[in-house]
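Next come two complexes built around chain A: one with chain B, the other with chain C.
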Partner chain A sequence: MDSVQLIKRITGYRVQSILLENVFSEKYQNYIVTCNGEERGSQNAQINVQLIDVNNNVITQGEYDSTALQMKSYATPFDELKYLDNTSFKITMYARQNFGGFQMFIYDPFNANVNTSVTSMSTGNYANNMINIPLGAYHDESERATGVKLGFTGNQCDMEGAVYGIL
Partner chain B sequence: MGNSGIFNVDDISYLSSKNLWSGDNNYIEHIETIDMDGNSNEYEFSNFGEYNTHFLTFNDISSDGGASPLRVRVTIDGTIYNNNYEITRFYADGNGGYTESKSTNHTGFEPLIYVASASLMKNHGTMYLYNATNEDRQVEVNYHAIAYSTAINGDQRGQLGAGQQQTDGIVEKLTFTTNNSANLDGQIRIYGVRIT
Partner chain C sequence: MSNGIIKVDEVITTQAESEIKVGGIDSKYDVYMLQVSGITTVSGATIGLTRVTTNGTAQTGTNYDLAGLGLRTDQAYTHLTNLNYTEWGYLGAWSHQGSNSSFRGNFTAYLFNFNNANQYSMITAKSISRWANGTLAPITTGVYKVAEINDGISYTLQSDIQTGARISLYGLTNS
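Then we have the complex of A and B:
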């Protein structure tokens, strides 16, 4: 039996976000979230990730801490970033026109007694150049999460988001 | 569709139409879960099966001692290797700076670099292990992990790295330990990756 199981896949055309709701449960402890697509406005937009709580509300408070390394094929190749008390897992990926996507591992989100943690790796596009971002982050409140929002900071984006459970 | 656990032709057709049927092309298959119960400093894994690539997940890893990396050591031809690991990595502290680190003769793979008491820091992460069952190759890993504190706002450590044991041979055992004899807590799951 395959230990990686598709839970939900959603495709959006010319959207600013995708909601992957009611995807976390007691069945799995760890999850993989994937995202890919195409930005429609030639903007250096970002895709940020937020958790969804048990009442199906997106958690928008400043409760996300993260560190990331931006690895670029242009300009200064490496930028070291960290965000404290941000309103999302910030800059998971840059998305301009065609972008590669990201894979995010989410650890124990349905457990109300632990802080949801994530690691992700993205390959995206900034100013028509490649940018790769490994990121580590956690939600600094102990709270059960039931899903994720993939938010796009630009005007329009075609994107696909999917959640897989790891048995 | 029935729920007998056995797929018939119609079941497979239905799942294929939903793009949910993986058939014989399973990606990863669970082999074993190690429940580290806080009563030992060493836990072992030896059931590699026929897979040549393995995938590991780490959840809620902590210890009852001071801060130490989680060390993963390999046993080849009956010898547990305590050195001869090449590693390169960086880690980023939410309340500190970025650190680049490397060694040509390290004492183990260190996928989790800050294992300490659960009240101070917990760890989650993933690691790929390559060539464990190939006698003509050296075993290699890459990993990505996050350590976080529930006690100190913003105190976290993101970690990314890779390593290689410079000895050819089939890996007979993995040993998970620390360098300070602290008892380990948490779960490690090991999967086989089937590449078809």
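Then we have the complex of A and C:
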């Protein structure tokens, strides 16, 4: 039996976000989230990830701590990105003109006694260059999460998000 | 053979343990995935120590090299370079708050050439853990510099691993 199982996949056209609701449960402890798509425009844009609580509300409070490295194909040094008490797992992906994608591990989000943590790696096309971002982060409150919101800061994009449970 | 990622071995701690081992690496898969999650300790700062096993026994010779970058929220990122160590020390779960903490240490790694007697065993990992001053998220690669078959992983902390830790080994199917 495959130990990584698709729970939900959602595709949005000309959207600014995707909600992957009711995807975390007691069946799995850890999860994989993937995102890929295409920007409908040419803005500098990023994807920020937020958790969804047991009432299906997106957690928007300043409760996210993250550390990431913005690795660029066109310049050095790479940028250290650190955010404390932010309103999302900020800059999970960064791009312009084209989209990229990311893969994220989410650890124990359904456990109400644990602070949800994540690691991710993204790639974004930045004006015919490339930006890659490895990221690690905690949700600063120990509470149950039931899903994630993938939020795009540009005008519009076509985006697909998927959640897999790891047995 | 089914496609995908197949669980080979798993240990979930129900009491404090000084060492956790998972095994079963053989010729069935070329690449394996290791996931260590839910790590807490009795006391504060500690380092997670990862080693290969041969015939189920952790190898403790000075054959472990590691290179990585310690992403962190509390200061400038740390260049991680270890040569000829007795373990992969910064691979995952640098340090954690105590056992009552709701912040758990986690990492996922990929294992290469473990079942190849003519090649060194190699590993890549991304980790997340918390200590008193903030979040630590090292990205690392490691090599075990002995050309031999390694059949699993040993994971220890500088203090005991507490109840609720889960260490899982998966094979990535070839076809």
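In this section, the second predicted complex is superposed on the first by the 164 of 167 C-alpha atoms of A that agree within 3 Å, B and C clash if a C-alpha of one lies under 4 Å from a C-alpha of the other, contacts with A are read in each partner's own complex, and residues count from 1 in each chain.
By our rule, a contact is a pair of C-beta atoms (placed from the backbone, for glycine too) under 8 Å apart; a residue touches a chain by one contact, two chains touch by 3 or more.
All figures in this text were calculated on a predicted structure; none of them were measured in a lab.
Novice: Check chain A with both chain B and chain C modelled on it and let me know: fit or clash.
Specialist: clash
Novice: Of the two partner chains, chain B (first) and chain C (second), which one does A:54 touch, if any: first, second, both, or neither?
Specialist: Neither partner.
Novice: If you stack the two complexes on chain A, which partner ends up touching A:2: first (chain B), second (chain C), both, or neither?
Specialist: Both chain B and chain C are touched by A:2.
Novice: Using the touch definition from the top, say if A:85 reaches chain B (first), chain C (second), both or neither.
Specialist: After superposing on A, A:85 lies in contact with chain B but is clear of chain C.
Novice: Just to be sure I read the superposition right, which of the two partners does A:136 touch: chain B = first, chain C = second, or both, or neither?
Specialist: After superposing on A, A:136 lies in contact with both chain B and chain C.
Novice: A:127 in the overlay: touching chain B, chain C, both, or neither? Say first, second, both or neither.
Specialist: neither
Novice: I'd like to know which partner A:113 touches here: chain B for first, chain C for second, both or neither.
Specialist: In the superposition, A:113 contacts chain C only.
Novice: Can A:75 be said to touch chain B (first), chain C (second), both, or neither?
Specialist: neither
Novice: Would you tell me the residues on chain A in contact with chain B in one complex that are also in contact with chain C in the other?
Specialist: Residues common to the chain A contacts of chain C and of chain B are 1-4, 29-30, 65-69, 80, 82, 84, 105, 107-108, 114-115, 117-119, 121, 134-138, 142, 166-167, listed in rising order.
Novice: Applying the document's contact rule, which stretches of chain A touch chain C when the two form their complex?
Specialist: Against chain C, chain A makes touches at 1-4, 29-30, 65-69, 80, 82-84, 105, 107-108, 113-115, 117-119, 121, 134-138, 142, 166-167.
Novice: Mind pulling up the chain B residues that touch chain A in the complex?
Specialist: Residues 19-20, 22, 26-30, 57, 59-60, 90, 92-94, 97-98, 122, 124-126, 144-146, 148, 150, 153-154, 156-160, 187, 189, 191 of chain B touch chain A in their complex.
Novice: Within their complex, state which residues of chain A touch chain B.
Specialist: Touching chain B from chain A are residues 1-4, 6, 9, 29-30, 65-69, 80, 82, 84-85, 105, 107-108, 114-115, 117-119, 121, 134-138, 140, 142, 166-167.
Novice: Using the touch rule from the top, collect the residues of chain C that touch chain A in their complex.
Specialist: Residues 2-7, 35, 37-38, 69, 71-73, 76-77, 102-104, 106-108, 126-128, 130, 134-137, 139, 166, 168, 170.
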